[in-house]
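Chains: A, B, C and D, in written order; residue numbering restarts at 1 for each.
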């Protein structure tokens, strides 16, 4: 679209190239042309137009034969993208066979072509995302298994809470990712449906052949036939946007955790930057978590974009004025941003540096405070919950204030020391119990993941 | 919560009373207490605490026994709602049986109680919505059937386009409503799950009894056991919000259509106001579509509220600082607003006045222009599509300018008149073909609705 | 940026070309280079670097000399747009004068260049918008004056309420537009400020010359010096976004009114489509309000984009991870969409067809009901407000039901008829009083507009 | 509003009590009644109604005399809050003086009362916020002054970058807060305006006395007279929402920084919890930053609420259907949430614990890496920028890998060591230069703050 200056600097940072091809100008054009070609074939099969005309029309439905800049220009006056395409296609067909040109787009309205074209783009896009979700899932499953018993300081409200394992954190990301991938799979039959209704969604121009043509057209395109044309009922598109928003938010959670773990003072993980990257114009020591930042930026943007798709739902009558048009750039943008976040996630997880030594050191750095709950629970058997909790709370504050180990503070109170045997005191400040508990949950989550993956494998052709 | 001044003036306008009870302060408290009671029973069944203690605890789990204002006050310092409840419950239990108080909330963390309590509230809320969706579906199905062949001017971009029927418009609303209800049913198994993880989601305090207690606890509450605790993986809640957003948007589309059809100049339908309502302090003739306005206001608000739930997803580590807290009032508010929109929709549809005379009069008021496509298609058989479209376009503009009927303009061009027989000319300006086509689609959509309803009926116990 | 497929089909529909040039890839690059050139000049003036080096650097700061695709590609690894530009500039300078290359970007950090470059782009963008706001204001002022006394059916809740004038409606748009333009003017001194802080915002690398260089740099660029560097304090940018959102919403209100007035059944105004536009692939009679749809689509999208800018505000420490990056495409997009809406508004108002005959006809079409308030007020002098309101309400409903004129219904009740003289009855159903009242307000608003325009004129150089 | 169950549990956590009083049901009612009382007084002064009637009306305008629950109930059918109030007021007046009741609400429409009432509530609310902003500003100014030279590890992308001071961080918060307070002050004359237009905004019912009554009414209420009534031009309200959003985002930035600095591993600051708060049901050692979490939750919610106010702007004709109604609960909620965030901020800053020892220790913990930029700049004088940057980058990575100090790594390369004298080497790894630079900026920012405060002081009466 060569007379508008480009504004694509950050495309490679925020969007995956394969998805950019799907939602390019050419991708949009080919989607519309695929609809027109299939419509011609379907009408020929129904005996409504000559087979030769259909063949001529199909032969003119290659996006590379059209001038995208001219089509974009013509869309300003037309108010949508299909009107100029249909006009250009008709002219193109007419140069081969004037009579065939009469049969272009018969019975359809421009929104039929635009919406079905979009559905075809979405089908490709959902394939791309499914592949990347599967790949990321495998990476996370392996990482979780590897670190199923690697101790990690569990943190709540950004404070040390109680020990867990790095593997359990990763299993949490994986479990959520699986749900997101599952939702994207589940919505396909609802969403990958034909749009075909003609001027006001009645298909009146086709009379009693409407159902037959609809059915053949859906078959040509490999799409489902919906209850009704959906020119102004757009819940399916908003549903797709929402499912993508859940995926992006889930990746955002992973990026948030990683960015926090990578802080200089914590340094439990490091994102390996893309080749030659992550630096600073001023600071030579910097290695910035560029991918995490890109994912978090996307997770900041996408919720608002999803809300646009919800805001557009109250569309007027048989075709909207404003709401429909607001979808045109929004839904593709959500797919594009989701693809970029997913690509970053795969790269980050694929080359993540995890430092188990540091994980363990940080866990112990709070001088036993991270075991306070375990200690309180143990003392509660003698003291009751409230008194034990209270005792340990006071000891914790003292330990923090004096920079001493919680155990030392507790043991200097001889009455307290006597509640438990020395061996028990030792065990209380050992992460093992926490680690074992976490590892069991990791195993359980990985088994569930494998079961889901196997089920998907069976479901696939 | 008696020391904060109330701010509930519009509750009855925007929220359904039954839903307000579910998401009241008392509802929240009862949800937390139900978790604590079930936890005690589960641990007693597992032999971890005495049965008598469990019984005492359960006996103290009635919301009406607690001072809500004091609990709310204590939540400010605590930073969440469960800490004061657990403390109050423990005190209450201790007054009956001091030993039993040691067993309150064992192994759990406050978020376990808050989240599971919320899930229990959501279960009730989803029931209420399912009932109302079913009821509205029945109303719409009846309305669509009644008007399957009532001619309506189809409108695109707020302009007359081509004829359709009022029944087809209603069937469009119904089909979308069914999808929304279907999504809310589909997400139940994913969403109605137990939250139980203890301090950092490892259940370490329960050692190797964790899985058993989890399973018994879920059984007590009638909830599913999830892969893993989900303290900081909140996609399920955002998914619920999104499904509610789709429902609200779908109701918004219906309200938009109705409000436009009820305009003074169009007057095809009228919303009967609630008893004594819809008036104006200044204008005695007014009958405002109050319910449509309430639904559209809700459809303007909910997309943004849904986006908050998506924005909260990147929650930190094992429990979040900010994101989790942002959910607390947001998700209940979405349920509440959805319930109000649905209640208005039921009332509006239940007493809608449809004026078929006016529907027909408006259709004809554009003096044949609404048949322009049909005419152009008919002439295309002689002239080709482009020339026919062009001829009719020019005639349409002339007819509009001269306030004449399109047919009269076309027929005064004798060459044009000759392309078709007088009977054909007559038929072109008759809505019958459009009406028949629309009615077929209505029948198809109603059959699909009945099939879904039957399937749901069978699935229900 | 030639290796990413373009996705610009709708640029011309939703964005103004002049604004697209400002926020193009080249515009972004030139902004960064302008900062680097000015920095070199400022440091030369401060005696920190040789004048010749500064000259060489400035000579290399032409955007057209750089490979945008390579810069975009390098930004993926770098994580921002300035790092590769500084590197490329340094190489370019080194080819002329290796020593001069040592002086590129001294003391600055990449965010200094990016943010100041953005501010320079915004200055151009605000100029463009000011010009268009002024132009639209003149158009609206003329339209309001022309129709100051053209009767219009005032509509509330989409129902006829009481008469007003078309000019008063237009004056309402104008008054809001003036406020929006005023806000955009007011924020310039707050927003058009230099960003210059070095690595963490201390300018430590410049030692005690920091203030001097800052001041010279700001002078070179014609920008204000802020209190402090603002790498992570982004309220200024969100403020700009909000002011643009107000403008877009105000244009949306105008487009909403116009689209409703242009409905087939109302037809009081018509948007003249762009040459050859507004049609339909299926319906030859259609003339769609394409510009209104584009504005309304923008008004649906921009609020969410503005919310992203607000969501990014809690940025981490001295430079953010996620929030900053989320701004990069969002703020330019808001400018671009605002520019497109404004361009459509100018085109629409510049060629709007207003049909005073139809305005008057619609006013009278509700058979006197639109005068119900006036009548009730007049009767209240005899009956009291409540009784009069009640009487007229009942008569209104009877008139509507029987399709009779309200006056006829009232006058057949002889007691009622006697409250007023025949002349008074006549006058009550004449729009003149309403029209006069509205025209006075129009005059008042136009005077205020002229006063503001004169003040702006004086303020300008 | 006693027949709807309360849902106010989190009011005290998220909202300030004084603001809750302003935006309570009673506050809303009093706002409407204040309008009605002032209208009666203004009309009496204009000689349009008897002074005694005005006095009677005013005597009935006390909120505490009305049944809020009944008014809320009646609002459902009425569709707005003023219709039932006007009716109840009229009845109340009639019990004293039947004739006076004829003069209630004359010439006005319900939206006049609702909007002006809202403006009166906003005036109180803006006062409350101004007081709190001023108070927080004083606290921050003192904290910044105290720590103007307290070294802090500057962090970008959550990584150590270069030294700065804690005072400069605080000065950044202060400077942004001042801008936010300034915006809220600036918008008062634009926003604190009367709404008075009658049925369709023409004031036709008052004939040629309209301007006089408007002027007297504004005088009675101490409000400005706007250009025009603004029933459907709502940019002023969205502007208020945006300014509140900027304030909340600015507080969110402060809370984000504090929460990150309070992390267990960093521990440079601690939020003192409210008395007895910040704990955990499971973990006795926890001291959660409850206030930061509340502020961040608010900063997550408010951007979306602001977007609702922007989304409502395209309101239909002379009074909207949906958009207006969407404002009713949204704008008050934004004020309420902003007040709560501000109250938390004041409490947190008022009792913040800052640990300068820890600040310094963390700065040094990265073993000289935080000085890498300074070192590279120094070496650049001998080596040129690129080579120096590259040398230091490699040394930094080696130092990190080997857990050695950057200086030691550099000095073992004898060629490198020789570029600078031992004293220079020493100075490079001393934060003093950075601290001095930062302190100068703090002084500059504090001076600017004082100047602004003085100007505001002078502007106030």
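Throughout what follows, a contact is a pair of C-beta atoms (placed from the backbone, for glycine too) under 8 Å apart; a residue touches a chain by one contact, two chains touch by 3 or more.
As the structure is a prediction and not an experimental result, all values here were calculated from the model.
Each step here moves to a touching chain, and the least such steps from subunit B to subunit D number 1. When the contact pairs of B-C are matched by residue number against B-D, A-D or C-D, more than half turn up again in A-D.
In this assembly, the C-alpha centroid of subunit A lies 24 Å from the C-alpha centroid of subunit B. If each chain is reduced to the centroid of its CA atoms, subunit A and subunit C end up 32 Å from each other.
Chain contacts: subunit D has residues 79, 155-158, 161-162, 198-199, 205, 255, 259-260, 279-280, 282-283, 288-289, 293, 296, 299-300, 303-304, 307-308, 311, 321, 373 touching two or more partner chains. If each chain is drawn as a node and touching chains are joined, the picture has every node linked to every other. On the subunit B side of its complex with subunit C, the touching residues are 153, 155-162, 259-260, 262-266, 279-280, 282-289, 293, 304, 307, 311, 362, 365-366, 369-370, 372-373, 376, 389-390, 392-393, 396-397, 400, 406.
Residues 79, 90, 98, 101-102, 104, 106, 154-158, 161-165, 168-169, 171-173, 175-176, 179-180, 183, 186, 190, 198-208, 210-211, 226-233, 235-236, 238-239, 242, 245-246, 248-250, 252-253, 255-257, 260, 296, 299-300, 302-304, 306-308, 310-321, 373-374, 377, 380, 384-386, 433-434, 436-438, 440-441, 444-445, 448 of subunit A touch subunit B in their complex. Those residues of subunit D whose C-beta lies close enough to touch subunit B in the complex are 1, 3-15, 17, 20-21, 23-28, 68, 71-73, 75-79, 81-83, 86, 105, 108-110, 113, 198-199, 205, 255, 259, 273-283, 288-290, 292-301, 303-305, 307-308, 311-312, 321-326, 328-330, 332, 336.
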